[in-house]
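Below: the structure, in structure tokens.
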């Protein structure tokens, strides 16, 4: 029997598969389709201090083997999430570990959301989103400078009741100094990767398809970038990595695990197939057996990458 | 309840320039839909990740078939139009809220307003209304005569008036002008108004029937999840733009004057 | 009649389509398949001072809607290129404008290659490759720091008999300061984009598929990144841009033109279909007519991008 | 001259576990190939950009058909194996140099050594040699008996010896051991030696027949352009590792002792 269990700081997961932030709302919609208890965990949509309306529409566009999104962190705000969204999950799926994705404009925003959301009984970890390319402030700014990233991480770690995983951006010249700074600041792990910045243009009008002009590129198109960045960070850090970026099936998941990830986030694939996550969980032991792996422990990678 | 199921292409015919009639067989078609609901189809191409939404033009629960009518506009619909009979498609649906029709009684009157590829879901709507004994009047706008499709199908259900931009068939001009010219008293004459079509048409209807207690428009927006989870397809509540609704889930049908178009 | 002509510094092109560097060798192989006179120009494989053997194999891997390459700038060296490759092109295609892609380890390497190659009668422009991700030295280093990029550009412009287009890397946090520095240093234009850095791992072995570990990601997968970067650079510079990244057909070419490019490089598409370039040239007027464009002049874009 | 042409799947059969025989009809098959040449096939999937190289197992210029034999290993061959009869494939070829056979006369003897999916191009080779009156001896390695394909086809052309890793058929062990055990005097007995297969097999042959004036091996490498333009598929000259040859174009067939394997 193949063992899919993974133990990470704050997260005792029965399997490594979890829907990625922003691609699964707060779980309610997909729970129409299947029992969420099958999942290793759920990473919920970004929570901000105030409710956010997000960007104008169109907010999504398609690209070859990928998509662009510029949702702009629309969410009902920390209060409503604490009062409605998390309790709904706790009531229907009391055993399901939730990872709360946290975003904000200022350091204070982040700190107050971390403080609040980390007290929710079903929130087992925080995913600090310092890499959202789709908002004017915060987000990516914190994610591109090692010092700001470290400062923010330290402040959030200090107030959080649960381990803090920091979600880094691939839109940087070198991710290693940022990862190092974040590790030194007390991060429990990394979440890799957020979207690349992209654009589509409607030839008819000459204007970008997205109202926000640019958007975050996700899906299989970015998988090789995710693999590279996971391996780069793995080569300089032993911290756990939640790997994501273009995972569509169990084979892709194994590739990210082989790169150095310890668990797997699944984003865009949920849109292509709402059953992508449970299918992957079913397929994973079959694929692992095919390649001769009895559990996920062999995926302990430390090679250096140029 | 929406489901994901494999449907098989039973036949597919071009019925007007770039317009295809696609008949799918499978389990989703065993249950009736609320007219105005849509399905989200995985295009059989590895490089295209997002499903394509199409209004349901007809469900035959006996035959277990569902008919879609669509225009070839881009890569996805091009590939779909080339898929041979027997192709299996992953279909998610029926999705969204649809047009309310329970409030109408036999003998009451409904005005159905559509334009271009907004027309398909209005066919199932008209069928269900006629089945209830409601008298339907159709009012359709097209670019030009050759673009018209399903004329005899709609005429079999009730009187059908056309407006074409170039005047090649029916009234010359857009639907708003036809409404003003020939259906000026529609606000009071019809017990219900239903519309689906391009933005200009929806604005014209929203505008003219803002006060009608039973008037509905169906919106389009680019979608990702199709089920309300990703916030791709939002629209703002007119009475309070701080509240956003999801077109895929709360819509695509809204009351007139309800949302900002 | 649709007019496809494009006039850029050094380049009077009958159409905007040119094979991208490294994907067309020095033209000989594809000339078996069609008459290269159909092309707007040809960008030849990188030229370095000494012959280069490149990296170990495997050098290519496939990714969803993309590919990785780590050729490592294999080329016969400037001497052989001047003695054999360019004369062959001049003899068989005397009217065909050639753009010479130049690479090196040190500033001096670049300078001496530019000096030599720019004297070849059929070389109408230089494409300065400061963005190759697949070599240990030079390449990407010059491409990630504005000051080094400017220094190198100025030195190469000073010795070149033909206009110098600088090929920038998308693997940077912000491309604008680099583009600005390069413009001030005297570049005649930009070539955008080189490949993204990616990796594929063979699950069976846990090892990267490429001997070089990482490789450059090209193909339609990166098209939205190319569109974004072209638009970003266009928003701060009026210099001509040779746009490339994922162009497979005339529609893609129009999207990059609409983003702000003035001509189009075609790389990976040559591998998928050896006739990709001539097909695109044939299709371009048809697509342009469909969208109502009589010539390429309407693609003059200056909008700002966040 | 290599060309790009559309070939149509005429039939496709699974002939051993994961091994398929694919018969393609079209213009490329009107001309004979040099045995050992390959074709580069565009897989019918939008997301897969690189063509897949396959040795030509047989050309029938009368029927205008070409046969390929391939193993399903990854995404591309999986999709290919599911393509129905009638599917049109873009095929580039014939590519590469192939095995020299002009030097052999009727009555001379050739040893043909292959392993696994290296065997397909050796079928066309053997056919052409036999057609010239050359006496062929086949020597094939497989993992196990059930993996063997085209046994009767090869036996019809000449004696065929097998080695299997598990000893389930023929000699137990790899090809090198079988060579040593039963063909120890091959260096002098055969007028020509031809090999294709996995790296270990090629090294064994390269090693044993380094001095043979007429011994050839065929290499594999990951390719992009397939025609010598991209430098993806290089191998170094043994006599001067500063010189690199392209497997797609200078190869895939090289003389023994010519390149570094």
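For clarity, chains are labelled A, B, C and D in written order, and residue numbers in each chain start from 1.
By our rule, a residue touches a chain if its C-beta (ideal position, glycine included) is under 8 Å from a C-beta of that chain, and two chains touch if they have at least 3 such contacts.
Since this is a predicted model, take the numbers as computed values, not measurements.
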Partner chains shared by subunit C and subunit D (touch criterion as defined above): A, B
Rounded Å distance, subunit B centre to subunit C centre (Cα mean): 46
Euclidean distance of C-alpha centroids - subunit A vs subunit C, Å: 34
Whole-Å gap between the CA centroids of subunit B and subunit D: 56
Multi-partner residues of subunit B (at least 2 other chains): 46-48
Residue list for subunit C, restricted to those that touch at least two other chains: 64-66, 219-220
Touch-based graph of the chains, sorted into line, ring, star, complete or other: complete
Residues of subunit A defined as touching subunit C within the complex: 63-66, 68, 136, 144, 171-173, 196-201, 203-204, 206, 208, 212-214, 217, 219-225, 227-228, 231, 246, 251, 254-255, 258-259, 291, 298-299, 301, 305-306
Subunit D partner contacts - residues on subunit C that touch it in the complex: 22-25, 28-30, 32-33, 45, 51, 53-54, 57-62, 64-67, 69, 71, 74, 209, 219-220, 268, 270-275
Residues of subunit D defined as touching subunit B within the complex: 45-48
Residue ranges of subunit A in contact with subunit D within the complex: 64-65, 220
Contact footprint of subunit C on subunit D as seen in their complex: 1-2, 4, 42, 46-51, 90, 92, 221-236, 242, 244, 249
